[in-house]
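What follows is chain A paired twice: with chain B in the first complex and chain C in the second.
Let's look at the complex of A and B:
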């Protein structure tokens, strides 16, 4: 199985490469009011709208400006789609298939946290909406 | 009237008598005619007349001789007032005249003696006064001489001390002259060194101007370097952008290759390699960017350094110009000092010369003072001797005075006619020493 790995803050996050649709850059993200803080806005790419999530904030870290806004990972699975902003894209690694069921995977002495796109939706839905950003 | 001697007188008397006898004889003879009577009468007459004549003649002689004798006696008693009456024209008259002349001479002599005594006394008196004055003067001279001697001694001491001080002053002056000469040589050396310093400063300024010019030329590439580096930066930015695009492309290629399954594995490897290459390229361009940034920073620092250097060099140039100016001023000042010291040296030499001449004069003065001292010592001795001599003179005057007193006493033994009015009554009572 191939794992797409990116970094948020000091944490390596791994998503199965099948969910990764494309990586784009220099895209304009339109902010949406009254949305949770990790929700960065909406992205229009090639006729489609994507919800853009800042992974650093979603994972509960304070924003430090290290996230790469010019690199956005577009995820698509089933009929769902999502865009996330990583701090840094590490690349693709091959992992054992058995590791798919696990939450963590160690690669070259680095711990990689395995997540699914649904987790992102779930985590986002747990967050409250409010006037914390306009 | 001619003189008639006693002999002629006697002869005349005899002849007259003879004539009378003859006349009587002739008369008697005529009257009486008696010759013998006439002769007897004439003899008796002649004898009577002769006796009468004899008595008269002898009496007149005796009387005159007695007069002379009385006069001589009175003279021997000291009475010179009496005048000898000269009546006859005979030999007694000569005696009387001689006697009268003698009395006259004696009177004159006594008068002269008296006058001389008075004059001696007066002279003695004056001499005594003079001796007194001389004694007083001698005392004064002695005191003055002592004072002069003391002053001369003090003067000699002062002059000696002054001479020593002058010698010391001359020595100091000589040292000053030597010092001035040394200073002049030093100042001369300073002038040469200042001139050399000025020349060096001018040369340094010239070198600095050249360095500044060359620095300006050399710094042009450094100044232009940021433009070129900016171009490199642009190129590296482009390269980095290309690397990012390539990275993105390789990532998407990897995603696509994964989606292709087993058949896409090879492509995935290629994409991964391309990504690695893009990453390397990115890192290289980042390294270049960093280098460029470093170069720019260094260049900025270098430019700042150059500007600072330029400023410092400008300051240095200004300082060196100031130094050149200062050297010029120093040279002017040192030359003025040289001139001043030279004139000071001349003045000092002149002063030393004058001081030496002054010292010589002082030595002469010391010699004079010493001589003066000796002279005053001699004067003191002489005045002492003079005092002794004056005392001797006084003794002599007293002796003379006593002699004159004796003379007057002797003269007073004689009675003289009244003295002339100018002579003093009793001059000896005055001016007793």
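Let's look at the complex of A and C:
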């Protein structure tokens, strides 16, 4: 299978490329009040709204400003969709299909953490939304 | 010659004919001797046959041919049609649908078997044939045999095509934003005017295109007609289906997400709400049950109500659940409103806590329906009267439609409130304001730091004239905001799953230039 790889902080993250719908450049993300920290805002692209997520923050790192929304990865799977902001996009690699079920994969001495969009969604769902957190 | 293109056109066109055919069959089922209807049915089958022949899709054209033979006999009054015959024609049209979707191929054993048995059925004379055919009614207005040709008012467009168009116009708009800044001598004022004009037109074009995403609720409700008929047949019931307010327009994506929940509600109405014919006549009701779907737009909401005239919801399992599982006393139950009692059905643990037999199936899985509506940022309420019927009322937030809203900022956030909900916008010195309890600091709510004192911009919400169910909001409230940006038209999209958890936003507004503002649900301010 093809793996789409991007960097977040010092980690290489790999997502199965079938879930990657599109990469968009230079888009305007609108901030939304009362959302948890990794929720960067809303993006309106080609008639659709996307929740935009800062991957650094979602993975539990402190923001260091390197995740700028100038390149956004749009993920689509089942009936769900998300937009995530990486630090940088590394590229695409081919891996064995049996590696699919593993959590990590080594490519040229770099450890790539394999994640599924469901995992991102689950982490997002566990966060707190609404006025009570203030 | 590449036939795939023609096959696609065939699939589209014949799909349309099939739908019309099924509608006609439903009508003729209630009025078997209407020869005019039989003539129309014949016409539809004939059209599909013609197109299939042109593409050498013989399986389709053969089936159509035999179906047509039956229709001609009924149309000419040579044979009397029967319910069983109509059912066979329904089966035929269903199989045609399968064949059309598979470009005329039968790729499974099951399909082949169904096809063979239908063909042999159609080769016989229609079942329950009556020798005494009624006097044939002449088809309407034969004197002027001029065929009626309607003007073309609508065309069918693939929905994804609209999305693509919207996307493209949006990209052109973005391009305009990136127009490089030239100095005075590099760019003539004429060119600048031209670019401005072009950009303005682009915005208008985009805005108009967005409206293509709307669909009349009636067309949407029509899609259920066949399922309702089939479910009624399975349950051996006779049901009339009525659509009220079908002309109201709503966003296709919103309606699409209502499809499953509505089917669930209809199934409940048919299987458990509507009584069998004998029971109904015993109660002095019409033997045929009635299901009504009613759409209405009120303020910024879309209401969809589904009513049946059945036996109503049995309260005793609800009472039992409340007493035994929730430890609620009889006195407390007596204080509960009807609405609260029926809302119990929507709880996730309600159905699982009671045996299906005890519930006699009523309301099973309604929690799933309530959840789906909740995801759309809407709400579901139930009202029911014994032997009169049950009403499921779905209230949805601003569906995709164009509304005018006051756009304002609070800190770094851009928010909006529908203009209709706002009474006035004022600059008020807060230290001298009357009725301070009416003032609501949106800055505090949004976690915007920095105290506001002295003069502030205040949006006064409209007082509502009556206290009907639709106006339970905080009327007369005055919202303190930072700056008012203006009164703008907005295209409203439903709030997504994550943001709907905040329960404070009624929609996401897209401005003409593609910028986003978030619609504040003033009824739900904490």
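Assume the second predicted complex is superposed on the first by the 128 of 134 C-alpha atoms of A that agree within 3 Å, B and C clash if a C-alpha of one lies under 4 Å from a C-alpha of the other, contacts with A are read in each partner's own complex, and residues count from 1 in each chain.
Heads up, the rule we're going with is that contacts are C-beta pairs under 8 Å (C-beta built on N, C-alpha and C of every residue); 3 or more make two chains touch, one makes a residue touch a chain.
In this text the structure is predicted, and so the values were computed from the model without any measurement.
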Superposed partners chain B and chain C on chain A - clash or fit: fit
Most chain A residues touched (candidates chain B, chain C): C
Which superposed partner A:89 touches (first chain B, second chain C, both, neither): first
Chain B versus chain C as contact partner of A:31, first or second or both or neither: second
Partner chain in contact with A:21 - chain B first, chain C second, else both or neither: first
First (chain B), second (chain C), both or neither touched by A:4: first
Which of chain B and chain C A:106 touches, first, second, both or neither: neither
Smallest separation in angstrom, by C-alpha atoms, between chain B and chain C in the superposition: 12
Set of chain A residues, in rising order, touched by both chain B and chain C: none
Residue numbers on chain C that touch chain A, as the complex places them: 162-164, 166-167, 170-171, 210, 213, 410-415, 445-447, 493, 496-499, 501-504, 508, 510, 514-518, 526
Complex contacts: residues of chain A adjacent to chain C: 28, 30-35, 39, 42, 44-49, 51, 80, 124-125, 129-131, 134
For the chain B and chain A complex, residues of the former touching the latter: 244-245, 248, 251-252, 254-255, 258-259, 268, 272, 275
Complex interface listing, chain A residues touching chain B: 2, 4, 17-18, 20-25, 71, 89, 91-92
